[in-house]
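First the structure, which I've put down as structure tokens, then a few questions once you've had a look.
Chain nomenclature is as follows: A, B, C and D, assigned in order of appearance, with residue numbering initiated at 1 for each chain independently.
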Amino acid sequence: MLDVSNLNTFYGQFQALHDLSLTVEDGQMVALFGPNGHGKSTLLKTICGLIEASSGSIKWNNTELAGLSSEKIVQMGVIYIAEDRHLFPEMTVMQNLKMGAFNLSARSSEAETLAYVLDIFPKLKILRNKPASTLSGGEARMLAIGRGIMSKPKFLAIDEPSIGLSPKLREEVFLKINEIRQSGVSILLVEQSSEEVAEMADYLYLMEDGHIVFKGHTNDALKDENIKKIFLGTG
Amino acid sequence: MKINREILTTAGILIIIAVTPLIFHENSYTMHLLIMSMIWAVAATAWDLLLGYGGIFNLAQVGFFAIGAYATGMASIHLGISPWMGLLLGAVASGLAGVLIGLPCLRLKGIYVALMTLAFFEVIGPLIVVGINLGTGGKAGLFPIPPFRLGSYVFNTDELLPWYYLCLILLAICLFITYKLIHSMLGLSFTALRDSEPFAQSLGINRFKSALVVTAIAAAMTGLIGAFYAHYVVVISPRMLGLDMFLFLLIMIIFGGAARFPGPVIGAFVITFLDDMLRPLDSYRLLAFGALMVIMIMLLPNGLMGLVAKINIPLFGKRDTEAEMLNPDIPKTY
Amino acid sequence: MILELKNVTKTFGKFAAVSDLNFSVNEGEIFGIAGPNGAGKTTLFNIISGFYRATGNIVFDNRKISHLGPDKINILGIARTFQIPLLFDSMTIYQNILVGSHFGGQGKSEVENRINEALSFFGLQELRAAAVANLKLLDKKLTMAAAAFATRPKLLLLDEPVAGLNPVEAELFVGLVKKLNREHGVTIIMIEHLMNILTEMSDRMMILNNGQKLIVGSPETVINDPETIECYLGNSHA
Amino acid sequence: MSLNDLIEILISGITIGLVYFLIAVGFSLIYGVSRVLHLSYGSFFTWGAYLAWIFAVKLNFNYFWVFVLVCPILYIMGMALERFVVRPLRKRDNFDFNVLLAGLGVALFLDYAAQAFFGARTKSLPSLLDGTIQIHDFVFSYQQLTMLAAAVVIAFALWFFLEKTRQGLALGAVAQDPVGARIVGVSLNKVYLLTFGISTILAGSAGILLAPRFFISPLGGWKFLIKALIIVVAGGLGSIRGTLYSAFLLGILEALVGWLFGLLWVMPFWFLALLLILLIKPHGLLGSTADH
């Protein structure tokens, strides 16, 4: 279980996260919604050690992650899938996937994981020798998720997986993520707003200006007209 | 002009230099070292204008020094022009060279500028050697470069005072120009580019234009003092393009404080005299300077002037804020 | 017509951030742009203001500007702000605006006037000597807008100007933008995430999705358009 | 110019080009992976040669053992530089500027340390192998051939490391997307250490290979640093393939200019060629325009 409590993160003088607390139970899928530039990505990056927290704690199965280097965090199975993907453009699809299994705990089972990834994303098999820079938006998104799975995640922090995708592709990506969750991986998924995700998730957080402004079970949130109006852009 | 720490320090330095001969004018060796310090002070200040303030990694400054020296050397030996004109010619020739190297380089990213100008610097030496038919003197160099004349008085090596005060005047002029430039709109444009290049561009600042102007000015100042140097030392050769001068100027800038006017002037005096004192160490001397350079960068990144700025001296009034230190003159209407 | 884009396309590798975009903005109007994250809104601003070079044609004030750099475009009369405040952090508010006034404007004579005008328009006189690094978000955004205003733009591009502001601050800012438009005749293109603000302010709006134009028209037509609802507002609305 | 002359120029150009590639690729690798403009790189070229001189001339080891002994020393020197000079600077403002100047300071230190230990007089290394061989009308020295062979072996080993091993791929990953590399659990600091170590070996072994031809002197590395700079910029900063092409191009140009006008003209011509390339392609032959 991931337990974030009283987390504060700064960019220079600018405070991006204010005293933030959030919990993801084992096997759960938690969705975090909020407008652009309000600290959602910052939270994921702080959890995964890409940004340093100023204060507060991030406990993963009772181990403190705050202050650990990103490679140690990856080794524990806490994996980040970036909104802007961060693939290695000059490497082939296969090399990108291989890089996913860079950390020691993923290396031993690399072959099996690869088979699993190619099973859920058969398209990547066809593209295996193409450089990542030549992939289309949807293909690159699949590769980013595939590379994340190659790292043997126990916990996935997924940042706006639907960005820049057509509605059809978006649906496909969400289905795949659901499939991954069913294999027992806990997921914290960030989106600007999405009813599809809200319906998939066990628990919902809403974020504004670096603060958590709502948390609750999906059903409660979907009943609340006010929340629907502000955060789901509907109602 | 608002009186501030920079002006006070600079004026203090110039006054000290002006009165020093009262004590040392008998000691021609010390006088020589002081003149050399002033020469390096100009070259280091001009370079710092580019490196520290402009963020332009121009590594060809020593080349401009040589171009200034060779311009006046060749013109006064082969064409017989007056050394006074030669000073001007040195400045103009180097300024032009600055523009010529700046035009292709300055559109490139910072790191390319460093590489290109370093390559250019390394090419000047071979060019002087192969250009022997053009009157460069080749490997052996140019000799003797005629001295300045004032009416019937000829500057000579027995009496260093005239050289000394001429050099001081040049130093004062260059420091004045540099100060004005740092606090001009051009200086402000560099601060803006360093703080946020996209915002600066979106407000109409053209990096290339700003960089080209400041490169030309810095090259011209370096050429001017290079020309003075040529007449002062009488003989010049491609050896002046050696690594030691290149590195010494950088150490002066770092020691005094990059972008901490007039830090490089202080650096020039300290390093010149330190170098002389360490002469008995022979080749370990340069080894020590290399170590000193690294240690300074690691431990004292803002140099001596950075230290000075941290000290509260009642005479100087309250500590300047960072914004004021960068551009104290600009907010006229506070 | 003050700005016209014809067949503008910008690709990064194989990914088309903006594809084959055509639209025009009338002089004196407030033109709103909305669309989901990653739709290419900010990319579009970067193209218009000269930070990205795109294919196609952009004409501003009867001049082709698609080949010009950001500084030239600013001097011709287009100013912009950035989504995350970019300021000259080592300077004061006054100096930030001075940069815009000196370098951006046509004619260097009125520099001082323009600074004072910008300071008073955005209510920053009292803070003029403050270093910008420690300002709160609203003041940072105001300073950025004031510096842009000091370049005397004919067209001002605002990238999510009220993002991160509380409702009171947002209202203040929105009021200033309207005043800028009405009293100084500045044409405004504004990217905004909050639909209610955008529909209230805009004379016309455009919805972008996947780098393409979905619809352009009056706020009423746009928010009632079924395609907009499908793509942007979420399908449950239908 | 007869056909035979032309072939001779080509062969000599390609040989020089290959060795220049070894020098330049280490420099390019460091810039590509860690964004450091490594101005003390040339001094490691010199130190490689001096260390080889100690083992080969003073202690009378054969070349195989010289390489086996010198490479680890170079590797440690490179890592020490990264760990104790570059890494502390990385945390501060103006990294580019400070690391450039610190590099010059380190170069000054290393060069004059070499002068203090070994004296200002040049030293020479014995040939890698003595004797000559004749093929058709052309005479090759074994020295030239072994140099060529050693350079090919080193270049191939480098290729294998970068393309086929996990650690090598990690280097590429950091060069292409440092954040992406951290996401998959690569430690940037470890990769920087590795890169500096390997690059220093490349510089030093090029120094060993060239020493029998050029003599060793305390400031001798600068000439090769400048050459590496020009090659790397012309090829496109950080692009290894670009570095390969421009190393051969400039190697052949050097052989040609040397034959036509004399070796003094080589640097001016190189500089002209660089200007020309950058005028046509501002980021070098294969430099990416997305270079930051």
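Just so we're on the same page, a contact is a pair of C-beta atoms (placed from the backbone, for glycine too) under 8 Å apart; a residue touches a chain by one contact, two chains touch by 3 or more.
These numbers were taken from a predicted model, which means no experiment stands behind them.
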More contacts between chains, A-C or B-D: B-D
Chain whose mean Cα position lies farthest from chain C: D
Averaged-CA centre spacing for the pair chain D and chain C, given as whole angstrom: 49
Where chain A and chain C are represented by their mean Cα positions, the distance between them in whole Å: 31
Between chain B and chain A, distance of the C-alpha-averaged centres to the nearest whole Å: 54
Sequence positions of chain A contacting 2 or more other chains: 89
Chain contact graph, described as a line, ring, star, complete graph or other shape: ring
Touching chain combinations (by label order): A-C, A-D, B-C, B-D
For the chain C and chain B complex, residues of the former touching the latter: 49-51, 69-72, 74-75, 79-80, 82, 86-92, 94-95, 98-100, 102-105, 112, 128-129, 131, 144, 147-148, 151
Contact footprint of chain A on chain D as seen in their complex: 166, 169-170, 172-173, 176-177, 179-187
Residues of chain B that touch chain C when the two form their complex: 185, 188-189, 191-192, 194-196, 198-206, 321-323, 326-327, 330-331, 333-334
Partner chain C, residues of chain A touching it in the complex: 13-14, 35-38, 89, 133-137, 140, 160, 163-164, 166-167, 192-195, 209, 232-235
Chain D residues touching chain B - in the complex, by the definition given at the top: 31, 37, 85, 88-89, 92, 94, 96-98, 100-102, 104-113, 115-116, 120, 219, 222, 226, 229-230, 232-233, 237, 264-265, 267-268, 270-271, 274-275, 278-279, 282, 291-292
